[in-house]
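Each structure below is given as structure tokens.
The following pair of complexes shares a single chain, subunit A, combined with subunit B in the former and subunit C in the latter.
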Partner chain A sequence: MAASDVVMSFMLLVSIYGILSLGLNIKYGHTGLLDFGHVGFYLIGAYTAALFVLGPDDPSDFTTYVVGLGELPVIGTWGTAILAATLLAGLIGGLVALPTIRLREDYLAITVLGVSVIFQRIIQSESWLANGPDALRGYSPPLQGPFPLTMETGLDAALFGIFVAVVWAVVTGGLGRLHTANDTTRWPVARLYTLGTFGLARRRGAWSASRVAAVAGLVAGVLTTALMATLARLLAVGAIVSLYAWVVALAFVAHHYRDLGGREWAVGVALGTGLLVALLPLPVVEAVGLKIAATLGLLAALVASYYYAVTRTEWVADVKLAVVGVGAMWFVSLWYFLLPTLGPLGRGDVGGALNVLVQNLVWALRFGGDGGIGYTLVVIGDLTATIDYTRFQLAGFLLFLAGLYYVLELAVQSPFGRVLRAVRNDETVVKSLGKDPFVYKVQSMVIGSALGGFAGALWAMYAQGLTFTTFAPRVTFITLLIMFVGGAGNNKGMILGAGIFWAFQQATTQLASYFPPAIRVNIQAFRLVIVGVLFLLILYYLPEGLLGRDDHTTPAETQPEPEPEATTEAD
Partner chain B sequence: MAAETGVLNAVVTGIVTGSIVALGATGLALVYDIAEVPNFAHGDLLTLGAYTALLVNKPDTVPLFGALATGPQQLGVAGMAVLFVLSVAGVLGTVYHLGGIGALRGDWWSVDVSDTVALVVHGGVAAAVGVAVALGAPNFFASLLFAFVLLGAVVPALESYVFRKFREKDVELALMLVVSLAVAFIVRFGIQTVFGGEIRSYTVDTTAPFLGGQLDVTLAKFFDIFVVETGLVVGIVESRAGTIEPLLVLSYSWLELGVVVVGTAAAATLASRRRRDSAAVVGPRLAAVGAALAVLALGGAAFWGGGTTLPDASLYATRIRASPLRLGIIGLALFMMSLLHYLLQATTLGKAMRATSDNRQLAMVRGINTRQVMMSVWIISGLFAAVGGVMLGFLFSSITINLGFNLLLAMFAGVILGGISVYGAILGSYVVGLAMEIGIFAIPGLSATYRIPLAFVVLLLVLLIKPEGIVGRS
Partner chain C sequence: MTGDPVIEVENLRKTFGGIVAVDGATFDIEAGSITGLIGPNGAGKTTTFNLISGFYEPDGGVVRYSGRDLQAIMRPHREETLIWGGASGITLGAFGGIVGLGPLGLGVGALGTTAVGAIAGAGGYLANQRATQRRPGHANSRPHMLAREGLVRTFQITRELGEMTALENLMLAPQGQAGENLANAWLRRDRVATEEATVRERAEEMLELLEIEHLRDEAAGNLSGGQRKLLELGRVLMLEPRVILLDEPVAGVNPALTEKLMDRIETLRDQGYTFCIVEHDMAVIMELSETIIVMNEGKKLVEGPPDEIRTNEAVIEAYLGV
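Moving on, here comes the complex of A and B:
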């Protein structure tokens, strides 16, 4: 499996948990309701969606469930399933809120946790409902048939067009924000934006950046479909889309860390390289005890030197978080680009190394495997390119995430969002202005739970099988962690938090494979200990999270120069 | 004739469950009330206690430490030395948490003694515990003692290194909840990092000499109760290979029963009248209950009518299923709770704890060492968690990393029901235990998985009607 495929499945999880955390953020971040039972709504969404797309129950087989609507037209489709999952989770969220919302915050947290456990127990013990303690399987995600695409039919071309449209729109949307920030970088952001939007950028006066991005994506999608139907240049289009995304991502990083000087970058790169060196004993050393001791020792040395630098050197202390970010990105780039090529290079196979590099660079396409279009390139060698279902599914999930994020940002900036924040800060004020905080709290619970249900439906689609053990209180813990890492009350922070958590999970899952199977459980548990310790450190040193609270208001007294509304939106 | 289990059996089972819940809930309530931490890690502290006892009971199955074992349940000299050192460190660490080196010198004693005496006493107790654990291994009680002293030192460290730091930042209660959740995560997966994922259990000799024979404490006995025309017959019955064997039959006539009932009521009233001071260690209610139980037991023994056969027909018959172990847990819980009651009511430390619970600011102004109070609360919480965890592991005969967490919700239900106070939590735990068992018995078609949900339904109902809890201050 190429590194890009690992990244794809990582992004799928980020989208699901991003949406789940957006829901919790509405509850806690925006309204101040501490919901320890968020996983309950995730569960309701997942099982509702599954029951909508499952075929009617066959009494003769081993699975039993209450109803399967999969064979009904319209009702039995994934669209209806997701909608129903969202609505039902929202409805139940409201019903749970009605009696509990008046309780003290700690009572609320514990009772809602209890409610989520009750949901889990119901699934576990009522076998007629959703196959009880055994897995509920037997359905497949939508449009899976034509994959992997070979561009032989018009449908293939259209599906690839949809994929390109979504990726193009999301990337262009990001570029648009960068363009609005309008600072001087060495990157030709303006020219790239004109190119990426097919000249539509000139309409900026009349259209919002999101609208420009959406239309640009549409144009890219239609162009791709037409090109595929006539010429089938899969590799070329895939390469263009991938490179476009890489360039925008690099511009983003350059913009984000524009204040860092050369020595700060050097510290970050040293941190990332140090991490890689610290992990070197894993594949190299044979004896398990020595392997653990050497890795832990080197990691401790790395953390100690970072701590030493932060406490003793002022200029490092000023950028202590930024250098960790740079280090993490440097580590990921080493892992993504350098490590896969080491194997072929070690054998002296330069062509093979380039081949792997191209595979990872053109992330939009899947290489190898059965099916696809074959290419033979100079030096690089043979490539079999296709679009697999994971990438197509990711495009869909990204679209959902981007759409929900957009809608939520609108809601948060609306008068409704202002009232929610007022409820969080001081209920008495809300009451004195003639609004009933109870109503707003229930509405917040409904919206947050509905988002949880939506995420559950996507999980059902992603996992293609549901067991009650998945929906343990641990999921709520992870969602809370994501929320506090990103910054409670900041929607963008949810996506960042989900990214950080799953990057850590994916990275450490790979590490476990260097250990004998007997102690893998211990290693898996150990990484959760690390997660817990990091969570405590973040709660203590960064209680506002990485991105801080996004209050959408201009505190006039504390800030001498209030910034205009436009910059808070762009930040 | 054999009787069927009925509601009385559910009540007895409920009291056993309530006792287990109460062992955990008292520590949880103390910390919640006085240290103001809704400690989500408390369930995992019980798990920690259960796993810690494995070091003594089954050292050969513990990773790394197992290298010092010489055979199944057998330790070499090096292993014994490690246990000795750990136990000594546990005892001294517990004392140290009460106020640093000063505490070791006897600061926390209510009598004034010289530093040397206090140091010698502390050292002596620590050494005695160490010797008892090291030589007693793999005995069950040595394991319990080991978990007891170790958790007494480890749990307050959570306060020193985590919760106090956050309290000093003056965080909201909601954030404290999240912090404790993170601690729970660290404790639970820390245990799994060391012990791995397999299910473990204690190996304990469960037979004890009893009335000249051998008694297996884990095997269930049946207590059959018959109401017949002449009176009441109680038979203690054992079921072996399908046949019913009465071990002991007690029969009482209606007259004898009447005398016992009247005597019990009279004793209770008298005791309650004599004890008017509700602040004393034995207050009026406690005195009444104690006197009533004493008279009941005396009367039951005095009128112990003969007979070895069970009646063939009865007006009403019911059966209680209980093992000596389960009944022992009730006794253990009562014992632990009376110790705590004594501590709270009769010692200076207890008075300081109650004062801090009422009003921390005022207690500080009056010169009470609230920091010491806080630490002692965490120590007691740890000690109770150790006992609760080890007993839970013994009772379920399987120790998993979810052992304590599964009970956490029931404990929280009990604590909140009781309005977040120690005495309320004890009462709340028994309400929760009874609700779980009677609910499972009374609602047909409800599987045992619904125990915890039932506790929550009770909690929700109480919170809706009386949000401050059943004994809470409104």
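Moving on, here comes the complex of A and C:
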């Protein structure tokens, strides 16, 4: 499996947990409602969605559930299922809020924790409802049939078109934000934006960046479908889409770290390389004890030198987080691009190394496996390209994540969001200013819980089977961790936090594979301990999280007109 | 309209455990006037303030604002009762449904348990509400209803929204902002943006007026004590109220700024605002107020114009304990 495939399945989890954390962030980060029972709404969403798409219960088999709407037209589709899951979770969130929300922070937390456990117990013990303690399965995700795509039918072309449209729109939306930020990076962002939006960027005055991105995505999708139906240039289109995303991602990194100088970059790269070197004993050394000792020793040396640099050198201390970020990205790049090519290179097979490199570079396509279109390229060799269902699903999940992020940003940047933040700061003031905090807290609970339900529906789709054990309070605490890592009150931080958490999970799973199976289990269990320690460190050293609270300062009068996004998109 | 009482306090009484904080205070506050409320520590001034602004419920007596009982203004509307009763009904109904569906299956039996749950939920809520309303001093305290009617207060120990900027603190205050409704924030963004621009402009004017415009984007928690007082005054003024209750507005404010604040308050009074001020700075209260109410041990001691108070034997005794 190419590294890109690993990243794809990882991103699915990031999207689900990103949405789940966005929900908790509305409750805690923006309104100050400490909801230890967030998983309860995740559960409601998941089971609701599953019951909508499951076929009618067959009394002769071993599963029982109260109702399966899957065979009804429209109602039994995933679209309705997700919608119903969101609405029901929101409704129940509101109902739970009504009696509990008057409680003070910690009492509220404990009460809702209890409520979430009640939900879990109902699923477990009411076996007529959703198969009780046994797994509820027997449904499949939408549109799975034609995958992996081979471009033999029009449907294949259309599905690939949808995929490209979504990826293109999301990437262009990001680029549009970068373009609006309008700073002095050396990247030709403006030219790239014109290109990526097919010239639509010039409509910037009349259209918002989001609309430009959506239309550009649509154009890209239609173009792709047409191209596929006539020429079947899967590899070419896949390469273009992938490279576009890479360039935009690089521009983003350059923009984000624009303040770093050469030596800061060098420190970051050294950190990343150091981490890789520290992990090197794992595959190289045979003896288990020696392996662990060497790795831990090298890791300790790395942390110690970082600590030394931060405490002794002022210019490192100034950028102590940024260099870790650079280091992490450098490490991931090495893992993604370099490590897979080492095997073929070691055998002296340059073509094979390039082949692997291309596979990872063109992340939008899946290579190898059965089915797909075969290509033979000079030097690189044979490639069998296709689009698998994971990538298609990911495009959908990313679209949901981006859409919900956008909608939530609108809410928290509005006067509504201001009241929420005021409630978090001091309810009495809000009361003294003629606004009822209660109303806002209930609304916050409804929105946050609805997002939890949405994430639950996506989880049901992803997991293709539900067990009540999945919905233990553990999930709430993982979500809390994600929120605190990213920065409570910062929606962007939720996506970053989800990324970091799942990257950690993936990395430790991979590392564990270098150990004999007997130890592997222990390592996987032990990582929960590490997660706990990391949580403590974050709370101690970075109580505001990596990104801190969102900045809500508004431009002063001397600035030009309020940005067009706010004024023009309202019709 | 000067001369009509805008706030009438009658036999007001409030106890905390064994302590009688306010014990039968009776006085009026005239519309368009500045009334000072003074008294030694523990005289019940702040408690009276909390009673008038609806933050406490009285154990006895009545406060009327524009002739209406405060408790009546704050009582929940019928719609709210319906929402609450309905929600309780739905919740318990759903529980009843789950309990009934298990053993009884989809049918009349399950419907029955659902109905029983719903009736129990809604009925229970209404009965409980009745009972609490009959108990004295336990009406729903909802002071935001008073602020909506134009009766606002500041706090003795300033309560700024520390993580929000000074500008945001002010922009929060105006009433009935369309963007505070989530649906508008999503669907009517042009209207919200226009309104927001107006509110921001007003807030910036207010910052200028209070001479703290350089603190525009500073988190309110970082402001000094005096600056917070100003910010709080600005916040209630942003609300465009009728009656403003100020709890120690110049405590911790430097003399030059105190002067400005007093000018500002007098200008506002001339524009028709009504003020009631608790303040320990005698010079300020004597200069500002038209009427001064002296409280002692939870009762009104005397009431009159500053000159009269200055020379009143009872006041001197209460203050100096002679």
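By definition in this document, the second predicted complex is superposed on the first by the 551 of 571 C-alpha atoms of A that agree within 3 Å, B and C clash if a C-alpha of one lies under 4 Å from a C-alpha of the other, contacts with A are read in each partner's own complex, and residues count from 1 in each chain.
The working rule: a contact is a pair of C-beta atoms (placed from the backbone, for glycine too) under 8 Å apart; a residue touches a chain by one contact, two chains touch by 3 or more.
It should be emphasised that the depicted structure is a prediction, and the values quoted were computed from it without experimental measurement.
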First, second, both or neither for A:526, with subunit B first and subunit C second: first
Partner chain(s) touched by A:535 [first = subunit B, second = subunit C, both, neither]: first
Touching partner for A:379 - first (subunit B), second (subunit C), both, neither: neither
Contacts of A:74 with subunit B and subunit C, given as first, second, both or neither: neither
Touched partner set for A:436, first subunit B, second subunit C, both or neither: second
Where subunit A meets both subunit C and subunit B, residue numbers: 122
Complex interface listing, subunit C residues touching subunit A: 53, 55, 84, 87-88, 90-91, 94, 98, 101-102, 106, 142-148, 152-155, 159-165, 167-168, 171-173, 175, 177-182, 185-186, 188-194, 196-197, 199-200, 204, 216-217, 235-236, 239
Residue ranges of subunit A touching subunit C (in the complex, touch as defined): 66, 94-95, 98, 122, 126, 128-129, 407, 410-411, 414-419, 421-422, 424-426, 428-437, 443, 447, 549, 552-554, 556-557, 562, 566-571
Residues on subunit A engaged by subunit B in the complex (per definition of touch): 28, 32, 34, 36, 99-100, 102-107, 109-111, 113-115, 117-118, 121-122, 124-125, 477, 480-481, 484, 519, 521-522, 525-526, 528-529, 531-533, 535-536, 539-540, 543
Residues of subunit B that touch subunit A when the two form their complex: 38, 162, 165-166, 169, 171-175, 177-179, 181-183, 185-186, 189-190, 192-194, 196-197, 409, 412-413, 416, 447, 449-450, 452-453, 456, 459-460, 463-464, 467
